[in-house]
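Presented below are the structures under discussion, each in the form of structure tokens.
Two complexes follow with chain A in common, the first pairing it with chain B and the second with chain C.
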Partner chain A sequence: MVKSIGAPHDRIDGIPKVTGGATYAADVKLEGQLYAIAVQSTIAAGKIVTLESASAEATPGVVAVYSHLNARKALTWIHSDELLALSAEALGLSALPSGSSRPVGYLPLTSPEIYFAGQWIAVVVAESIEAARHGVGRIKVRYEVDAASVVMNDEKDDWIEPTFFFGADMQVQRGNAPNTRHGEVLVQETYATPMQLHQPMEPSATTASWDGDEVTLFDSTQGVLATREYVAQSLKVPTEKVRVISAYVGGGFGSKNQVWPHQALAAHMARALGRPVRLQLTRSDMALASGHRSYTEQDVRLVADRDGKIRLLQHVSRVPTSIQGGFFEPCGLNSLLLYGAETLDVRHRVTRKNIPTPTPFRAPGETPGSFALESALDELAHTLKVDPLELRRRNFPSRDSYHDRDWSSNHLLECYRLGAAAFNWPGRYVPPRSIREGSEMVGYGMATTAYPAPALPATVRLRLQVQGLAIVETSATDIGTGMYTILAQTVADELGLPVSQLEVRLGDSTFPNAPTAGRSKSTASVLPAARQACFSLREKLASIGAPHSPMPQSNESIFSLLERQAIPELVAEGTSAGMPREHNLSFYSFGAHFVEVRVDEELGRIRVSRVVSAFDCGRIINPKTATSQIKGGIVFGIGMALMEQGEFDPVYSRLINDNLADYHIPVNADIGDIDVIFIDKPDMRFNEFGARGLGEIGVPGTAAAITNALYSATGRRIRSLPATAAAIL
Partner chain B sequence: MEPFEFVRAAGIQDVLVAIRRPGSRILAGGTSLVDLMKLGVETPSTVVDINALPLSMISVEGDALTIGALASNSDVAVHPAIEQHAPAVGQALLSGASGQIRNAATVGGNLLQRTRCTYFRARDWPCNKREPGSGCAAIDGINMGHAVLGTSRSCIAVHPSDLAVALLAVDAYVHLASVAGERRIAIGEFYCQPGDIPSRETVIGPDELITKVEIPITNLNATSSYLKLRGRASYEFASASVATAILRDGDIVIDAAVAVGGLGTVPWRNRTAEKLLIGKQLTQESILAFCDALFAPASATPSNAYKLALARGAIHRTLRGGAEW
Partner chain C sequence: MKTRVSFTVNGDTIDTAIDVRATLLDVLREELRLTGTKKGCDHGQCGACTVLVDGKRTLSCLKFAASLEGCAVLTVEGIGKPDALHPLQAAFIKHDAFQCGFCTSGQIMSALEVIGDPLANTREAVREKMSGNLCRCGAYPNIVSAIMEVKSNGTV
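For the complex of A and B:
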């Protein structure tokens, strides 16, 4: 039988997804179901003085209105330290020394205080979503307005020096103090990245339905178990009384990675009203109530020898978090690992602003950080008049000197070589403004990308059924990544079955434990568990008279064996270990982007005409879904480079583009050729598949490669994203 | 969305009577009206559906091309008579919105679409256009996409239509009907600059219906073309756009029409400035002189001044030829 792993298998959930067969959280319609929509604050700081809901309550179809005035009593909606600890608000809080005024975390509908514009101040529940929206428009609020601040000010703001976050010290100063010797070259610039919104295709929704003392949530989340824990804590019920189902997720990118209040609020309202309730986030809520990537400012200073060897790498990031939350962008992560400078000065400073709490967004830290780092490398290359690729080769990190460890495997040089060859990279220094074709200036740019390869323990259950079906169950979610498909491929290979005889079931908290789908860890966490489950199943089969591996050796299928033994179903589980037990290694993936841009300077038109990116992500389980993942990441990078930008009104401190009409992401016509190359060398020191996750590594570096190409085309250095027509005219 | 009464009109007379009711709105393709109703910006008490009316013909009558008000943007864009007599119109339509929206959207609705100003499109911002007297949040707000021509202290919202810019360059007329009778208005006189009353956007009366658009068939109009500039390659309103038509005798310009979009509170054209091109060759110098005259009244903010540079680039490119749209 042909091996399934390594083959470009079509998504097994593709047909249901494009024919409407896949049920998303907001597709669920239960008998007697109610619909809820939130009301947002229009001020960014202050206090609610009066909130009048009588007119909304009198609106036809409206069943209830909840706010800080009644939620505590009517819904048992109460904030606590235990709840905060499980919430999106808490991520990063422990890294922020707070002194006397420790933030309590924000939970909507618990106080009249307003911390940011768009904060939920009430929820309207109605018989239809239209009636709920109608009621929302009839809530009257009077505020006491305080001065709000959404923009950083280096001198006036209070700055917090965070401690330890994302597995790294946020204040690294190592090696000798900078001492620019004669003949050394200096780059010293400030880079800025804008606020970015996740805006997955599927807006979050939670449908909660009670049956006695048990509640089921149809939810859109990257992690059903974390959601279950939070919701149970909020409801003050045992965890096993809460079931969370998230079989399909229409994209998350981090916005569904943490747990947000709406997920519990739906269950509280359903309990109070005795009917199922769907709490639906609007497009605007997706910008304000489920996190975002904050804007950043980053100072980078490089000191290098005349031959380009980097002696000092200084990277100081200024980033905001919310008034009550904890998350901040750890921009310096890649600066700790890449380029092996002997002196490192990588620090972060955080200040509190009247913004919604930021949250991880596809490669948090690495994405904005790599824009600054990889732009600075390009500036150094141009200062030295050295090929930017050659400069990176000269600074190749042969080991992880920050952690003082060897890499488990590192084929970055191979990525450089294969990517450059496929792109037809010039291979010598090309001064800016060298290539004109008709009315367009053409430029080439490149950047390195790197992303860690974590793994956590996971469990997969197999149910072999006599009628000829093998069911694979785990609580892991497929957020568009391909988990359904690669699990089927893995089990198909191990059991010697065609994929058509497998049914994969995901995203149900009653299934065995698996980690939240985030930080590119699902493949390395879940597939080894599936393999263990197959081993366990084979042992059971052997004990009842089936042949040993490889299966099947005899002509008898495993299903007819069950039939002969009169066993309707055989169940086995397997659990993975997470990270390798004993290791003194750094597990990272690497890659290199090569980009061609075309700029019509008279028309202010910038087009990314060609991208070639090469990646070392260990062994590739499914080249088709893997390529899609990476291409999606590169498209994110194109959006970040050229158009994405959340903007606050300077007077009202409100996000003005909380919708897809005003917040622009690339359309198909913006995307030229993208060629993805995988080195495909297994990292056998990481797991028995040799596979590392690749959900995020496509994003970091892409924006810098584009603006580096823009510099090559036009001689204009873009240090503040996005690079718009206004920036190049 | 507020509840409303829905009336399906069977004939033009039905419509003309129904729209005399205060608070009524005409529904054609619905791509603008329904969107604004969902946003709570439009709150009609009666919605009059006119889709059953026989107003979707595209035809050549004598020396004019007429387009029914209910003709879809998609149908008009690819009609051979449009391509032959007013190519800028087809190009403008194809540069707008998405395929799905163009299929639903109509020519009459396109001319009456409302501004894309963010502050207008959400009802809890101050906006003199939406709520007269409440102020303009855009003037001191995020106004990178706002107008630099025809602005007032009350409003700097940009007119969004691509079609109207092309129609302005080809000297089209808008035909209106009411119970009192019919009239025809040159497109150049159809739109009102905001002044102190930004809520008044056109000269169309509350009891009038657009029935058709008329484009004169001329040698000049047959040369027309449309160039639209914007951040992304598709599905975005213009940062700047230009509809041009030029007739030359050898190298010498004998007739010219240049309308710009994305810059004005209304589609913008200056016939006096165009006279600067007549009798001249199209050189860097003559085009520059034209642009200087055209943009002399411009008033930009620090963040939208780039639009003037974009528009100048677009005018230079189209007048010298060679810009693909």
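For the complex of A and C:
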């Protein structure tokens, strides 16, 4: 039988997705279901003085209105430290030393205080979407307005020095300042990246329905178990009374990675009203009630020898977080590991602003951080007049000197070589403004990307059914990643079954434990568990009389064995260990982007005409879905480079572009050829598949490769994203 | 306030009283339970809700259902079935033209018009014509490949 792993298998969830049969959270409609829509604060700081809901409540079809005035009593909607600890607000909080005024995390409808514009101040529940919307318009609010601040000011702001986050010290100072008298070269610049919105195409939604003392949530989350825990804590019910189902999730990119208040609120309202409730975020809510990537400012200073060897790397980030939350962008993560400078000064400073709480966004830290670092390297290359690729080769980190560990495997040099060859990279120093074709200036740019390879323990259950079906169950989610398909491929290979005899079921909290789909860890967490489950199933089969061979010769045999023994179903589970035990290694994926841009300087038009990116992500389980995922990451990078930017109103401090017309993401016409190359060398020290995840690694580096190419084309250095027509004209 | 309206959806006649405030999108999803058509923004900005009305692609979130008297609506559920896919549906699977799948119904309904558009014969032209349908997963190059294949072969 042909091995399925490594083959470009079509997605097994393809048919439901192209026929409209895949059920996302808001596609569920239950008997008697109500619809809920939130009301947003129009001010960014201050207090609600009065909130009148009588006219909304009198609107035909409106069933209830909840606000800080009644939620505590009517919904048992109460904030607590235990709840905070499980919420999106808490991530990063422990890294931020606080004085006497300890932030407690924002929970809507618990107080009249306003911390940011767009904060939820009420929820209207009605018989129909139309009635709920009508009710929202009839809520009247009077505020007491305080001064709000959404923009950083280096001198005036209070700065917090975070301690330890994402497994790294946020204040690293190591090595002596190099002696700069001997003709060393210096780059010293400030780089800025914009506020970004995740904008998954599916707005988050929760449909909650009670049956006795048990509640089921049809939810759009990257993690059903984390959601279950939070919702149970909020409802003050035992965890097993809450079931969370997310069989299909319409993208997340981090916005559905943490648990947000609406997920519990739907359950509280359904309990109070005795009817199922669907609470769906509007597109505007998606910008304000499920996190974002904050803007950043980063100072980078490089000191290098004349031959380009980097001696000192200084990378100091200034980033905001919210008034009550904790998440901040750890921009310096890759600066600790790449390029092996003997002197490191990588620090972070955080200040509190009247913004919603930021949250992880596809490669948090690495994405904005790599824009600064990879731009600075390009500036160094141009100062030295060396090929930017050659400069990176000269600074190749042969080991992880920050952690003083070897890499489990590192084929970055191979990425440079294969990527450059496929791109036809010049291979010598090309001064800026060297290439003109017709009315366009042409430029080439490149950048390195790197992302850690984590893994957590997971469990997979197999159910072999006598009628000829093998069911695979785990609570992991497939948010577009391809998890359905790669799990099927894994089990198909281990059991010697065709994929058509498998049914994979995901995203249900009653299924065995698996981590949240985030931080590129699902493949390395879940596939080893599936393999263990296959081992254990084969042992059970052997004990009832199947030949104990690693690969049954014909699939008939295992099913007919069940038939002969009159066993309707044989169940087995397998669990993975997470990170390899007793290692002293750094597990990372690497890659290199090569970009061609074409710039019409008269029109200010920038086109990313060609991208070639090469990746070392270990062994590739499914080159088809893997390529798609990486391309998607590169498209995110193109958006970041050229158009994405959340903007605040300078007077009212509201997010102006909380919608898809004003917040631009790439459309089809923006995306040219993207060529993805995988080195495909297994990392056998990481897991038995040799596979590392690849959900994020396409994003870091892309924006810098594009602005480096823009410099090559035009001689204009873009240090503040996005690079719009205005930046070129 | 309700009003009576009669139109067809995927060939079935709908003759019913509907809330005058209801969009075609909400009627399809909440009343007719055809949830293949998705709500990505509700403001005509994303294309996830694209359906065909009298053969033309239409953003169903911008259309009051009450205005559809006598119209023929086609949704993703009406173009193919799991065991008898439309060539575009098959091409989307073959070319991996989606990841999360949330924009996919809208992409396919838009593509249905584009495959018959004589002005969209190059990848560049198809990219332009498909630019009203956002895909945050970034499946764009694969969407174009799927459409080009159906355009050139008529099948997959």
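In this text, the second predicted complex is superposed on the first by the 723 of 729 C-alpha atoms of A that agree within 3 Å, B and C clash if a C-alpha of one lies under 4 Å from a C-alpha of the other, contacts with A are read in each partner's own complex, and residues count from 1 in each chain.
Definition applied: a contact is a pair of C-beta atoms (placed from the backbone, for glycine too) under 8 Å apart; a residue touches a chain by one contact, two chains touch by 3 or more.
These numbers come from a predicted model, not from an experiment.
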- prompt: First (chain B), second (chain C), both or neither: which does A:Thr724 touch?
  reply: first
Touching partner for A:Ala117 - first (chain B), second (chain C), both, neither: neither
Message: I'd like to know which partner A:Met643 touches here: chain B for first, chain C for second, both or neither.
response: first
- request: Have a look at where A:Lys17 lands relative to chain B and chain C in the superposition and call it first, second, both or neither.
  value: second
Message: In the overlaid three-chain picture, which partner chain does A:Glu130 touch, first (chain B) or second (chain C), both, or neither?
response: both
- request: Look at A:Ala669 in the shared chain and tell me whether it touches chain B only, chain C only, both, or neither; answer first, second, both or neither.
  value: both
Query: chain A residues in contact: does chain B have more, or chain C?
result: C
Field: First (chain B), second (chain C), both or neither touched by A:Lys29
entry: second
Task: Would you sort A:Cys534 into first (chain B), second (chain C), both or neither based on which partner it touches?
output: neither
- request: For A:Ala661, select first, second, both or neither according to whether it touches chain B, chain C, the two together, or no partner.
  value: both
Message: Per the definitions at the top, what is the overlap between the chain A residues touching chain B and those touching chain C?
response: 130, 133-134, 661, 666-670
Message: Applying the document's contact rule, which stretches of chain A touch chain B when the two form their complex?
response: 42, 60, 130, 133-134, 137, 439, 602-605, 607, 642-643, 647, 649-652, 656-657, 661-662, 664, 666-670, 724-726, 729
- prompt: Which of the residues in chain A end up touching chain C in this complex?
  reply: 10-11, 13-24, 26-27, 29, 128-130, 133-134, 198-203, 248-251, 253, 280, 282-283, 479-482, 624-625, 627-629, 631-636, 659-661, 665-671, 673-674
- prompt: Can you list the chain B residues touching chain A in their complex?
  reply: 1-3, 40, 116, 118-119, 121, 123-125, 137, 140-142, 144, 229, 231-236, 239, 303, 306, 309-310, 313-314, 316-317, 322-323
Field: Complex contact set, residues of chain C against chain A
entry: 19, 21-22, 26, 29-30, 33-43, 45-46, 48, 75-77, 80-82, 85, 89-90, 92-94, 96, 98-105, 108, 126-128, 130-144
